[in-house]
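To start, the structure itself, in structure tokens.
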Amino acid sequence: MTEYALEVENLRKTFGDHVAVDGVSFSLKPGGSLAIVGESGSGKTTTARMIVGLERPDSGRISVTGRDRSGVARGRATRLARARELQMVFQDPYLSLDPRVSVAQCVEEPLRLHFGMSPQERRTRRDELLERVGLGEREADALPRRLSGGQRQRVAIARALATEPKVLILDEATAALDVSIQAQILDLLAEIRRDTGVGYLFVTHNLALVRHIADDILVLYQGRVVETGPTRDVLAVPEHPYTRLLLHSVPRPGWDPAQIAADRRALAAALKETPAAPASPESLRHVPDTNSTERSAAQ
Amino acid sequence: SPSGKGGDSAAFEITKDTPPAKGAVDTVTWSLYAEPQSLDYAYAFDYHPNTVLANVCEQLMRVTPDLKVEPGLAAAAANPDPKRWVYTIRDGVKFHDGSTLTADDVVASMRRHMDPKVGSYWVSAYQNVDKIEKTGPMEVTVHLKRPDQLFNEEMGTSAGTIESAASLAKEGYGTPDVGVNCTGPFSFESWQKGQSINFKKFADYWDKALAPKVSTLTMVFIPDPAARVNALLAGEVDGGYLLPPPGFPKLRTATNGTLYFGPNTTAVNLIPTNLKGTLGDLKVRKALSMALDRDGIIKAAAGGAATPAKAPGATGAWGIAPDAAKEYYAKLPALTRDVAGAKKLVEEAGATGKKIVIATSTLSPEIGVIANAVQSAGQAIGLKVELKAVAPEAYTALFSDPKAREGIDLVMTIWYDSTPDPLEFYGILRTGDFSNYGGYSNPEYDALVDEANAQADPAARAATIAKLQEIAVRDVVWIPLYEPPHSMFLNKRLTGAPTSISQLVYPWAARLGSAG
Amino acid sequence: MTAVPTIHRRRFFAPLSRVVGGDKLVTAALALLALLIVAAAFAPLIAPHDPDAVDLSATLSGSTPEHLLGADQSGRDVLSRLIFGARTGLLGPLIVVIVSTVLGMLIGVTAAWHGGVVDSVLSRAMELIFSFPALLLAIILVAVFGVGLTAPVIAMSVAYAPYVGRLARSVALQEKTRPYIQAYRVQGWSGWVICVKHLLPNIAPLVLAQSAINFGYALMDLAALSFLGFGVQPPTADWGAMINEGAPSLLQGAMLPALAPGVAIVITVVAFSIVGESIADRVARREQ
Amino acid sequence: MAGFLLRRIAGIAVTLLITSFLIFGSVHLAPGDPATFLMGGRSASPAALAAIREQYHLNDPFLVQYTKWIGGVVTGDFGKSATFRQDVGGLIAARLPTTLWLIGYAGLLILVGGLVFGTLAALRRGVVDRAVLVGTGIATATPSFVAAIGLISLFSVQLGWFPAFGNGTGFGDRLYHLTLPAAALALTFVGLVARVTRTSMLEELRREHVEVARSRGVPGSDVVRRHVLRNALGPITTVTGTVVAGLLVATSIVETAFGLSGVGQLLVSSVTVKDFPVVQAISLLVVLAFVTVNLIVDLVHPLIDPRLSHAKGGRA
Amino acid sequence: MTTRLLEIENLNVRLPAGKAARPILDGVSLHVERGEAVGLVGESGSGKSVTCRAALGLLPEGATATGALRLDGADILTMSPARLRELRRRDVSMIFQDPRASINPMRRIGDFVTEGMRAGGVPQKDALKRAEELLESVGIRAPRAALRRYPHEFSGGMLQRVMIAGALAGGPRLLLADEPTTALDVTTQAEVISILTRLQAERDMGMLFVTHDLELAAAICDRIYVMYAGRIVEAQSAEGLFSRPRHPYTSGLLAATPRLESDEPPHGVPGRPVSLAESPAGCAFAARCAHVRPGCTQEEPVQREIDGAQVACLRVEELIHD
């Protein structure tokens, strides 16, 4: 009995002896928007992949609208149920579409799998979805190779929306696009959230972007959560030195790279001394509904 | 001298011998078409091992280049009664290791053929032998189960080869690492596996008439026919026997040597191996024989160098009575090609449309060419001729394993006699003989074979064999194709080597020497 | 002749067609192959003579109006034998390619898709077969089961499978991690469906390109075996066997009986590699 | 490194054990009585056959026979050839020098020819590249036996430049004798290596670090040597390794065509007469050579590409 | 009048041969003074890299160039190959986007850093010593050991430092930086940028800094050129660009860039960036421009100076007053 669309507890994943994700917990309200930020290799993608079931967590719990979705789905029913709850949009629009499948088919496929629609209904729904992401009939018949990066990402979004998921996971979904196109896609995503009430889990390393798209933010550092809270607060008054560093690193007028470089070295040195505690406990001011992160960070 | 004309190819001339050698030469390199698998005389049953061994190991009897049987290591062979051969061993014969030849060596050498553990290829020569005994320090007696004149002649082949008993007892006798220790004019030196075998002149050779003029003799193995011909033309090797027919045109026109054609005991035949099938009908066999284009076959398969044959046994194999043989041969009905007549015969036999299976193989090019020609001839007279390809090793097995012959009606063979006695060939058509592949059976014929084998007088024996020949031709037991001459190429710096096929058993290299 | 060149996903042998002749060369190669297939299929209608008809008067005749490519030792028409020889010449490699492609795809894709133990077992098995050069395997099987086309074709189908398998595996491994495949998993499709409907079709062109090239190599290997006397047996007209039979005639200055089938082999293999390489090139360019 | 080597060698041992079993086992599947094969197709009395069975342990159960055989193999005893009545080891040893010479010679031709033609094609785009591509296209499509026939009829029959037979003795003579066979053997693979060289060099030429080197004023020849060729060596080594390992079988064709008595020709003639002890031994030898060459290639790779080094990893 | 360090005048680059024939750059003019950091900003395919490489005399294969490219007055386009190599070794250096791709993975770091010097004839020992100093100056600890290590043993950020060290080896007067930090994390980017700007200032080098990040360009550059479809559409001082963008494309780009400071959400520019080859007659941006007038698709805009900014827009005067 929970009001959360997505709830993640104490997720952990290791590759060999490398700990990629360690004790990550968070939750996302229906229609909410949460951003996971962190530098390269901090475990963002791994976390996202565990949530959609592409990777099996070593331990931890994932639940969607209260139902347990930990582990890789076995039977067809669970597989389909999970797919109707969670969908994902990938980073590289050039690789995320089957080169042999036309745009229309690409959107129809999940409809066929998930809903017992008549072909007519399916076509209508498909056209709705494509229109929703700003694609017309001309693009519908095309193969992905004839589309631009932005158009492809629109197709990917339409495809993800087809199963009417509760939560859409976007792993650097705009990172490969030009700024002018990125903004178009962000506009579109905001609009979709308003209209459908789908929740977003953004994975990104671009803090400036986070400010405009996410209600809440979760900062990952070496697989662990170092800070979390409402975006506005965290960005205004970052508590953890790493968050501060990340924030200061974003170029802007009055930007002082030399100072940042010094801070970074200081942080690295500090962490080296206490490798077990990447986060200072007082920096974790808000951990929604679960204290596990606090606990794991406080030890 | 006999000569033949094959198709429209150039005529070939039989040269009985080459001019005698004038002087000594240091080294001679001779080509063989393959590497002998062993130098053990018990397994010397093919052209290449025999060509080598003839110079190294000697037999009780000796077959001369003009195909006569003479005393060899046995100074005398007596036949006191039809079921006994007594051999007096020659005195003062030295083995290559210096030891002296005794009756013990002879007994040991001969008994080996009868030992199943050895698995001698010459075991059939001993099929009538009861026991072999030493009957004196220099005398050996062979007791027979039935009269066997041929036995004595076979003692001129590998079946009569004598090796030192001590050497025979050695582990690995006849292999490249151990070699052989006989009494011949050349002694074994070394064997470069896969490349050559080297021999040295044997100083203590007993037969002074055949004292070698060549100090070192090297036999090289050149399996590829083209390579062999080119090596001869380039002077990389000095000579070779049994050359590939496709090379004849080039060798004939060589400037550095001469291609000789010599007397031969070889005949090329088609063997009907299944006298219960389509070919069981004499008319069909006759028809097939009539339909064959022998001249064409000679041109395509033998490089034009052969004579069409009327009889299955080679005329050249009548060494015991060469002149009488010509008369007997002349009396045989002429073989003229008559396709229409043949076709009629097949119709009469009711065999039109019946199937004949002929074996073909890549073992040697002639086999394929002849099989193709037979197929074409058979189809022209209304038979259905199928070619069955058999693997090279299976082709050899056709002649030893009845199972391998199952389903095959016709097999081409190149058959040579090791002795100058035509009974060696005609004897095999006796009922139940190992080599009577078709299972031909004729009591009259069998009786004549036994009669001949008991006749000590060559002329009388020849007359009996002539009757055998007539029957074999009449019954078309084998279908004769042609008789090729024996071929040899000799570099012009050399002379003296015999041209006849007896080089397989005669120490031919001992006569080799410089031409100038 | 066992080092089959392997296609790499992005890198590939410069397709001849890209440097010389362009699409025209590919068209020419395809036309030639089509011609060859037609010739093989309708050999009895096309060949001027019965391939086995013996004409001893024409033995080793050179090129004449009657025998355009001359006649062999037995006086058989070389051109007709060449045309009939295309039958075994193409059929053997075709079987090898089909079997090895199916087998290789199955192994490669299964290994890549399942990963883990399945992958390591299958990869080991492929490595094991790899340590037998195709020709050796063929020779061993010939030693065991006797000469003829069957043993070499079986041997080569097995020996070529890991070449296809390795390629299929590596391509499938890459393809498997591509987001579009993952997107299908996130959509809830079963592994089977994704594998068959999306993975296979996407890796197929590259694997087929490899197979087209393998075709040429299988042709060469099988011809070599026939040349050694292990493969197609006389009197069946077969290119490799024709070279074997024709080789002695070279001594008599008759080149055609051995040369004509030799040239036929070279041209056919070149044509197959042009086609295979251009497929691979197309795939590679589409990827970029 | 040592651990890696040990693991690889253990792997090879397992591979050899399995392959030896497969080879020995498959030969046992051969239809027909091995004893008759051993008689070389001659007439054989039952007594002679029994003697042969005894000599070759044919009456033992399969596994016992295998164990005896593999036990012998480990101690270098490959059994006795049925046709040659000699030790198989000796038969092979006598022919190995010729074959190794041939492989070495051909390998050299392949490597040098492949590198030279491939490099030329990669660097001289245009006419040279086209010529090399057409040439190698045809070369790779020319089976060695076709090449052998062509070379023999041209160079030894028509022109008489090279000897027609024999392995030669001594260095120069061998070189002279084995030139045509080595050329026939190498032709297909020169084409292959040239094309791999060309492709991987072109690929390296397109790499950014090559452009970076150019942008830093490094002369063209140095760029080619240090950046292009050096980096392209990986795939070239792999292909050359596979090719050279494969030569051991490919020589059987060339040796047969040229009538050279080497291991390959021995294999072919032994298959023809079903001399199984020889076939088994040579097959095992080929497999051994194959895996050994592959091991060498694997050991060479880290020397070419430090990223593959098994010893150290990690980042600064 | 003193000559400028780098002066590009009306540079046109096109690929002529065969099917691939197309223009890449059209009338690009820009200049860099000694000690000055100049930004070159634009979306992908706009021609930033081509412009940058042209300054080293590196053109795409088969491409032809017209116009002028001068370094200290010497024309790069007409230089002999030997002189060009000399120029690359000594006068101009370039830093590329992906350090891992730019450094030969099979050779040692030391080989990379000393390569240019060795080609210039500096003895091995001296070159290594200098390389050690350079590595030290870009902040690599244990530089002597680092010389013997291989690229794969370093992280991306560290490699980019090595790259910078290598670029500085010849003591260049002009540094070309083609998106040197795009492949790096933001924190690493800051570090690399700090090294780059420090060294640039210390050595009084001119720097042409290519990026698609307007904020980054503004943070480190004095002047910024904005490129669109193979043409320079606007050139201004950094503050000017942010406070008074003159070209509709610049404004669009600014509006589309998410900002940490502002609450204004990013707004997309409709359509997608095109390359020069794809762009129709007239203004290449016309199809995406909110202020487009029929004339825009007919007449190609030429650069004009407005309030110290160079702008290539037909309607720039009208828009200022809007």
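Lettered A, B, C, D and E in written order, each chain numbered from 1.
Throughout what follows, contacts are C-beta pairs under 8 Å (C-beta built on N, C-alpha and C of every residue); 3 or more make two chains touch, one makes a residue touch a chain.
By chain, UniProt protein names: A, E = ABC transporter ATP-binding protein; C, D = ABC transporter permease.
Because the structure is predicted, anything quoted here is derived from the model rather than measured.
Colleague: Going by the touch criterion stated earlier, list every chain that contacts chain B and also contacts chain E.
Modeller: D
Colleague: Looking at chain pairs A-E and C-D, which one is connected by more C-beta pairs in contact?
Modeller: If we tally the C-beta pairs in contact for A-E and C-D, the bigger total goes to C-D.
Colleague: Roughly how many whole angstrom separate the Cα centroids of chain B and chain D (ABC transporter permease)?
Modeller: 41
Colleague: For chain A and chain B, let me know how many angstrom lie between their CA-based centres, rounded off.
Modeller: Roughly 91 Å, centre to centre.
Colleague: Counting in whole Å, what is the centre-to-centre distance of chain D (ABC transporter permease) and chain E, each centre being its mean C-alpha position?
Modeller: Those two chain centres are 53 Å apart.
Colleague: Counting only residues that touch at least 2 other chains, which ones in chain A make the list?
Modeller: none
Colleague: Of all residues in chain B, which are in touch with two or more distinct other chains?
Modeller: Each of 226, 391-392, 394 in chain B touches at least two other chains.
Colleague: Quick check: what residues of chain C (ABC transporter permease) touch more than one other chain, meaning two or more?
Modeller: Within chain C (ABC transporter permease), the residues that touch at least two other chains are 146, 229, 247, 250-251.
Colleague: Can you name every pair of chains that touch?
Modeller: Taking the chains two at a time, the touching pairs are A-C, A-E, B-C, B-D, C-D, D-E.
Colleague: Report the residues of chain B in contact with chain C (ABC transporter permease) in the complex, numbered from low to high.
Modeller: Touching chain C (ABC transporter permease): residues 7, 225-226, 229, 244, 246-247, 249-250, 293, 296-297, 299-301, 360-362, 365, 368-369, 371-373, 375-376, 387, 389-392, 394 of chain B.
Colleague: Please give the residue numbers of chain D (ABC transporter permease) that touch chain C (ABC transporter permease) in the complex, ascending.
Modeller: Listed in rising order, the residues of chain D (ABC transporter permease) that touch chain C (ABC transporter permease) are 15, 18-19, 23, 26-27, 29-31, 121, 129-130, 133-134, 137-138, 140-146, 149-150, 152-153, 157, 188-189, 192, 195-196, 198-200, 202-203, 235, 239, 242-243, 245-246, 248-250, 252-253, 256-257, 267-268, 270-272, 274, 276, 279, 283, 286-287, 290-291, 294.
Colleague: Can you list the residues on chain D (ABC transporter permease) that touch chain E in the complex?
Modeller: Contacts found on chain D (ABC transporter permease): 207-209, 211-219, 222, 226-227, 230-231, 304-307, 312-316.
Colleague: For the complex, which residues does chain C (ABC transporter permease) have touching chain D (ABC transporter permease)?
Modeller: It is residues 1-3, 5, 11-14, 16, 19-20, 127-128, 130-133, 135-136, 139-146, 216, 220, 223-224, 227-230, 240, 243, 247, 250-251, 255, 258-259, 262, 265-267, 269-270, 273-274 of chain C (ABC transporter permease) that touch chain D (ABC transporter permease).
Colleague: Which residues of chain C (ABC transporter permease) touch chain B in their complex?
Modeller: Residue positions touching the partner: 52-57, 59, 73-76, 146-147, 229, 233-236, 241, 244-245, 247-252.
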